[in-house]
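I have placed the structure first, in the form of structure tokens, so that the comments after it can refer back to it.
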Amino acid sequence: MADSFAELGFAKLDLSRKDRTGMPETIYCAGKTKEQLAKILKTFAEQKIAVLGTRCSQEQADFVKTEGLVIEYDECSKTLVLKSGTMAHLKGRIAVCTGGTADLPVAEEAARTAEFFGAKVDRFYDVGVAGIHRLFAKLEEIRKAEVIIAVAGMEGALAGVLAGLVEAPVIAVPTSVGYGASFNGLSALLTMLNSCAEGISVVNIDNGFGAAVTACKILRRIK
Amino acid sequence: MADSFAELGFAKLDLSRKDRTGMPETIYCAGKTKEQLAKILKTFAEQKIAVLGTRCSQEQADFVKTEGLVIEYDECSKTLVLKSGTMAHLKGRIAVCTGGTADLPVAEEAARTAEFFGAKVDRFYDVGVAGIHRLFAKLEEIRKAEVIIAVAGMEGALAGVLAGLVEAPVIAVPTSVGYGASFNGLSALLTMLNSCAEGISVVNIDNGFGAAVTACKILRRIK
Amino acid sequence: MADSFAELGFAKLDLSRKDRTGMPETIYCAGKTKEQLAKILKTFAEQKIAVLGTRCSQEQADFVKTEGLVIEYDECSKTLVLKSGTMAHLKGRIAVCTGGTADLPVAEEAARTAEFFGAKVDRFYDVGVAGIHRLFAKLEEIRKAEVIIAVAGMEGALAGVLAGLVEAPVIAVPTSVGYGASFNGLSALLTMLNSCAEGISVVNIDNGFGAAVTACKILRRIK
Amino acid sequence: MADSFAELGFAKLDLSRKDRTGMPETIYCAGKTKEQLAKILKTFAEQKIAVLGTRCSQEQADFVKTEGLVIEYDECSKTLVLKSGTMAHLKGRIAVCTGGTADLPVAEEAARTAEFFGAKVDRFYDVGVAGIHRLFAKLEEIRKAEVIIAVAGMEGALAGVLAGLVEAPVIAVPTSVGYGASFNGLSALLTMLNSCAEGISVVNIDNGFGAAVTACKILRRIK
Amino acid sequence: MADSFAELGFAKLDLSRKDRTGMPETIYCAGKTKEQLAKILKTFAEQKIAVLGTRCSQEQADFVKTEGLVIEYDECSKTLVLKSGTMAHLKGRIAVCTGGTADLPVAEEAARTAEFFGAKVDRFYDVGVAGIHRLFAKLEEIRKAEVIIAVAGMEGALAGVLAGLVEAPVIAVPTSVGYGASFNGLSALLTMLNSCAEGISVVNIDNGFGAAVTACKILRRIK
Amino acid sequence: MADSFAELGFAKLDLSRKDRTGMPETIYCAGKTKEQLAKILKTFAEQKIAVLGTRCSQEQADFVKTEGLVIEYDECSKTLVLKSGTMAHLKGRIAVCTGGTADLPVAEEAARTAEFFGAKVDRFYDVGVAGIHRLFAKLEEIRKAEVIIAVAGMEGALAGVLAGLVEAPVIAVPTSVGYGASFNGLSALLTMLNSCAEGISVVNIDNGFGAAVTACKILRRIK
Amino acid sequence: MADSFAELGFAKLDLSRKDRTGMPETIYCAGKTKEQLAKILKTFAEQKIAVLGTRCSQEQADFVKTEGLVIEYDECSKTLVLKSGTMAHLKGRIAVCTGGTADLPVAEEAARTAEFFGAKVDRFYDVGVAGIHRLFAKLEEIRKAEVIIAVAGMEGALAGVLAGLVEAPVIAVPTSVGYGASFNGLSALLTMLNSCAEGISVVNIDNGFGAAVTACKILRRIK
Amino acid sequence: MADSFAELGFAKLDLSRKDRTGMPETIYCAGKTKEQLAKILKTFAEQKIAVLGTRCSQEQADFVKTEGLVIEYDECSKTLVLKSGTMAHLKGRIAVCTGGTADLPVAEEAARTAEFFGAKVDRFYDVGVAGIHRLFAKLEEIRKAEVIIAVAGMEGALAGVLAGLVEAPVIAVPTSVGYGASFNGLSALLTMLNSCAEGISVVNIDNGFGAAVTACKILRRIK
């Protein structure tokens, strides 16, 4: 393993990751100071390495821009993209579906992560099971995807209903949307883990990023 | 409140309950010895009061029969009925729906309780959301009911999907069917409490009896 | 299903819902920007469709008014009403009872939702079981209702005591009122689910809205 | 502290406990072999020390008798008493109340423990809140007690209702009676801890013994 | 029950409580507006009824004073006292013990409540089991109390150790002091409920008030 | 959807499932009587439809054989196969890895399910992270798989370590192996959901079957 | 890493473990068939490698003996020892302390494991904090140990009290002894994790083996 | 025990602790007012006793400096050191390892506490199992330590992987780093308690201080 690292003191940057794993570089911005984030991004920019930042606050993004870095920031999903060179292109499409409008930030984190990794993404928002006719109206389009990401909070039933209707694997993302006995996403998490529909696997609560990475790893199987 | 009681030492029997509340007498058999159960049933039989027994084991039912009591026992739902005089008749129909075949004992407890209380019951079994076309095939019939009882374990999504498709109130019964992260019905319970479909209320895990009593109290509103 | 929708980009508005289900339109305001809320309300106002908004902040309500919309806002229950045309009228009465004064916001959400849906509501506040003589003083009046909504936090015993005293179905609403081992409403939720009184069903913690919708669906059975 | 012990190898017996604390000796029988139990009881019998055994199985009790020890065994409460010399007598009365008949074993453990410690006990069984008129019929008698032990499972509301109606301190014993969301007594435990009635304190689930000890320690304050 | 109430709209004030139960009036201030609190206190002041307020914020107390009411406010325990006429006097002493200095607010709520109810209180603070010699140095004094209130967070072992060393009943108050796996007091609560020392009963997390009320109800048994 | 069903009274058999979804038929045997299971299998055998049974007890399998059905039964994984016609063949390989020997039944359920669905499976058992050199010795072979199923109980760290070392997507199966604070698989489930390695998704505790179905749905993307 | 393995099909035996890590070989017997266990032990016996077996049932031990293996089996701790060659000897002493007699099996698992690994062990049983004078009577002896293992269930306070009284590090073992709110050892686990005494670290519930291994690893630091 | 205390009213300071236990004095600053903290530090400064303060806010540290006390404050770990006289020196080294950069504050609390107690500390940060080659690159250095402190949040697998690779005892510190199903550190805590690698013991979530104290108590065994 001939890896090259940049040692910044507070972090070790992995500069040969894409060569080694084929997956581009990403940064979890939460918990880092805005100065640390800027320093990390500059190091990658100098190496002409494209980077995706997730859980990035507006304040962090603003600071990074004032430091002269050219980034795209999306407020809804709290993602930041530092582009560089030719981006990857993956075969096949990913469908990102949400139960309600409140699940949008997580869905957009998934969608933008997948796009950064080179996937084509179709968005199907607000197709939750409480008004299931909305879902059926979109079903033919959803079925065109090679992988489906189902994002839902509260009861979280969307993933199971979808998996019973499509052939593609479904990656379920529970969200912390809800109140009371939703227990910050626990309800949706348990629902998804217990679905008796076939072909569902689940990621952490609100982890749109993780769902997208798994989906792209699946798309990379399409040779 | 001029109530009359029969004091059996180990229990106080309420002999004027039907006159006072309009609801027939019921016994929770679990935790009682077979001798106690027989003694209670005899007291009611002598007073010509019909009784429903729930959570009654085969062994209890057999003993009661050897004591000379004329009862009907259903093994699946573990219910026992001691008939007496004219039974009640309620207006309107109740639909009892289940997610899978493993939910049958709870569904039958609900159905037989409702029938004992005088309701007409239609059963729609094995219409869970993992194969949602089965549910749609029955939807017009289900919509004829004044109240719907939705029985489901594991992910428990049936109640929310139904409530989005019908006008009637839906009483949701989570079941302890499942394994692993179903946590003995907790998963289905949380799903049902968090449904964003309108008109759902929930009873305890495996409480088919309680759902039926509530449903019959609703039917009694139809004047 | 010939539904008409208004596609606002961030949400799909269901403009034919009342025709289809008989239930008026409602909006869950929490998690929406004040601009989104105003846009949604304007769309309904233009279509002459009455709307109820729940979990609406004072700030959202103020903004909506400055946008020229004529609404009624109630600070305690955080509900907003946009009236339009003739409102529905339901037969029968709903009794809304609370354990303590801290349960008022949830109780008022239930009461105002039911009134918006056309029900006549009687309020019985501060009749918790710790001073049970207060409850008995009101019992005859409470018994006049066709459906009872019991709102209580902390120990949550009100629903079970009430259900043992009345014939009508009781919809129990646990509240997050309390501290320590109330675990934000979990204690009251479990109490209500485990009540051995008959005819109780339960909705999510603090879900006054959901209780009212179920109650109104029951009133609609009274033909 | 000049204590005298009997060292049995598997346990240290405290032979001067009553002199030191005024409380008689007790043994928690569960988890001990029947031979160990017999050996312990013989040691106390030789020292003319009276002993109460709790959680004692029928099998343990039978073996102890075949070993020639004169004991009284109660199957319901699973308690065993080895009498010796003059028993204590405490001033004042304890009322032991239960919600349902299934709570009897725990209530009897409390009652028999209190009697062994010298208290006069009045039993009020099957007075749960689901049929609150049963409780009111007994209220004047219950009020004669200096301490009240309230034993209840499922919703566990009995303690709170009682505490609102009497002056005496109430010791609440949640029981593991119930199913589903009673979570083996957790529901009743939380209800009792969260009661807003004044003067309630709580012991472990099914701990009738502990409630009785506390009650007797209170009676010993009456000089 | 010939009770007199003052109906304030948002609350029903119980003006004959002391005559009926012997216990003075108390108010749980949290969740009330400062205007509501002032109005309640004025009503009692006009009736010459002494009142204790708990969980009262500095802001509430300041407002109440500007409204002309003569109160004593203690910042640490967040209690407020409105004196009136001759206060009660109870026989016997209560010992309030704490594990650490961070438990002080809860301990003081207990101590001041007990004093308001007429008890003599001895404070033994910072005598936790991690430095058990501090506890032993005070043991003789603690043994003079008729009732002991043990306040402790984190591991919560103080109550069990104390109960093994004294004859008096011990009322245990778990506190939410701690972090991580203390889970806001759950750890201390479970420790106290599971103590194998005899004579412990437990109240809700941080409920110094409830412990004091129970302690005073015990002191009232001393005739 | 022109589906054909066989209605057996206690279940609806889906006879056109493979045509519709491309996935063969499977039966969850637990909770069915041995007579029901035999009747279901006969129906499929008559239709020449291959079936996989999971969670099938030795007793169920023995009975089915005595009824004249030709099945293969594996005791370790509790799976049963009824072969019929030409089985499917999928491109690519699946690696099934386990942390310890106690995870074997779940791993074999996954492996045999995948083989029934047409996949080529390589088994890497007993390669848990406590002796990580065992894992490294097999790494090159594991990297040949298109999908990896990581089965582990107790700490459940295998999935995260693997995902950091391979390019393929990892489907994590927590098992209920362990004791104490493993809480029947909860520990492993949480570990897997929280892994910061990329490309992991998780199924229910002990759900080897579900992991295999998802893995096969991924293999079907390889065109 | 030049390790030698014996591949038994169902397990990989590590034959060079002691040379590599200095720690003797151990087997977790639970979950293995008695034939598998015998086969594993024979392999080690042939290699003249001493082995400790934990969680070994009487039935397993009996079978192993009938297969001609010379082992020592202890019923209380369910440990089995296959001796071979010269055993290790560690400097310093370990004190194993328990709260009650029911904790003995876990304490003996710890003690016998430590002895197998070469440590000198002093046992201090039944010194729980409910009768703290028993602990003080033994304190001087306990202080002679270099490491202390504190085994306790229920409230689990022993570890914290001990750590406040000694200089040596304390390894705390929560046990599943108890009932009700002990939640199978969760109560003792949380108590121990939250102790504010210094120098405590905790192992899994009932994990006497793990505590002993850690203690022996500490003794090996004494050069 | 001839201890000398300084009684400050709100706390009892233990001035002879180091003489008695060999461990220097420490203060848990959270929950103390800045004035109380300054007063405590002054008392120790006057007695020439060195003190470590943990969980100290920037605001507290600033105030203490303005009061004229000479302290060193570290913002990352929130520790404060008041030096005095000759500090202790312990034999052997401690390795502090972290899974990710977000675990740094907890790791630094451990490292600085250990240094204050006289230990030599080597830091190995950002060596989590998701990129396990980073850990292997440092392994030889880590193996030089006599005790290892493994700090990790989220999946928390670092401790188990390390313990399988080294001879020294591993003290595991779960951190509250993560989101969703990490449940504020519960996930990492359970992972660490369930590790099947040998020689791991665990402290409370985020308790870097406690891990360091235990590690130093182990170093003190090296004579």
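Per-chain residue numbering starts at 1, and chain names A, B, C, D, E, F, G and H are given in the order in which the chains are listed.
Everything below uses one rule, namely that contacts are C-beta pairs under 8 Å (C-beta built on N, C-alpha and C of every residue); 3 or more make two chains touch, one makes a residue touch a chain.
All values derive from a computational prediction rather than experimental measurement.
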Partner chains that subunit D and subunit E have in common: C, G
Set of chains whose contacts include both subunit F and subunit C: A, B
Distance from the mean Cα position of subunit H to that of subunit A, given in whole angstrom: 36
Averaged-CA centre spacing for the pair subunit F and subunit E, given as whole angstrom: 57
Intercentroid distance (Cα basis), subunit F paired with subunit D, Å: 51
Junction residues of subunit A, two or more chains touched: 131, 180-182, 186, 189, 193-194, 198, 204-205
Pairwise chain contacts under the document criterion: A-B, A-C, A-F, A-H, B-C, B-D, B-F, C-D, C-E, D-E, D-G, E-G, E-H, F-G, F-H, G-H
Of all residues in subunit H, those that touch subunit A in their complex: 101-102, 104, 126, 131, 133-134, 177, 179-182
Partner subunit B, residues of subunit F touching it in the complex: 1, 3, 10-12, 14, 31-32, 174, 176, 184-186, 189, 204-207
Interface residues, subunit B side, partner subunit C - complex: 21-23, 26, 92, 146-147, 167-169, 171, 189, 193-194, 198-205, 210-211, 213-214, 217-223
Subunit F residues within the subunit H interface of the complex: 99-100, 128-132, 154-157, 160-161, 163-165, 178, 180-183, 186-188, 190-198
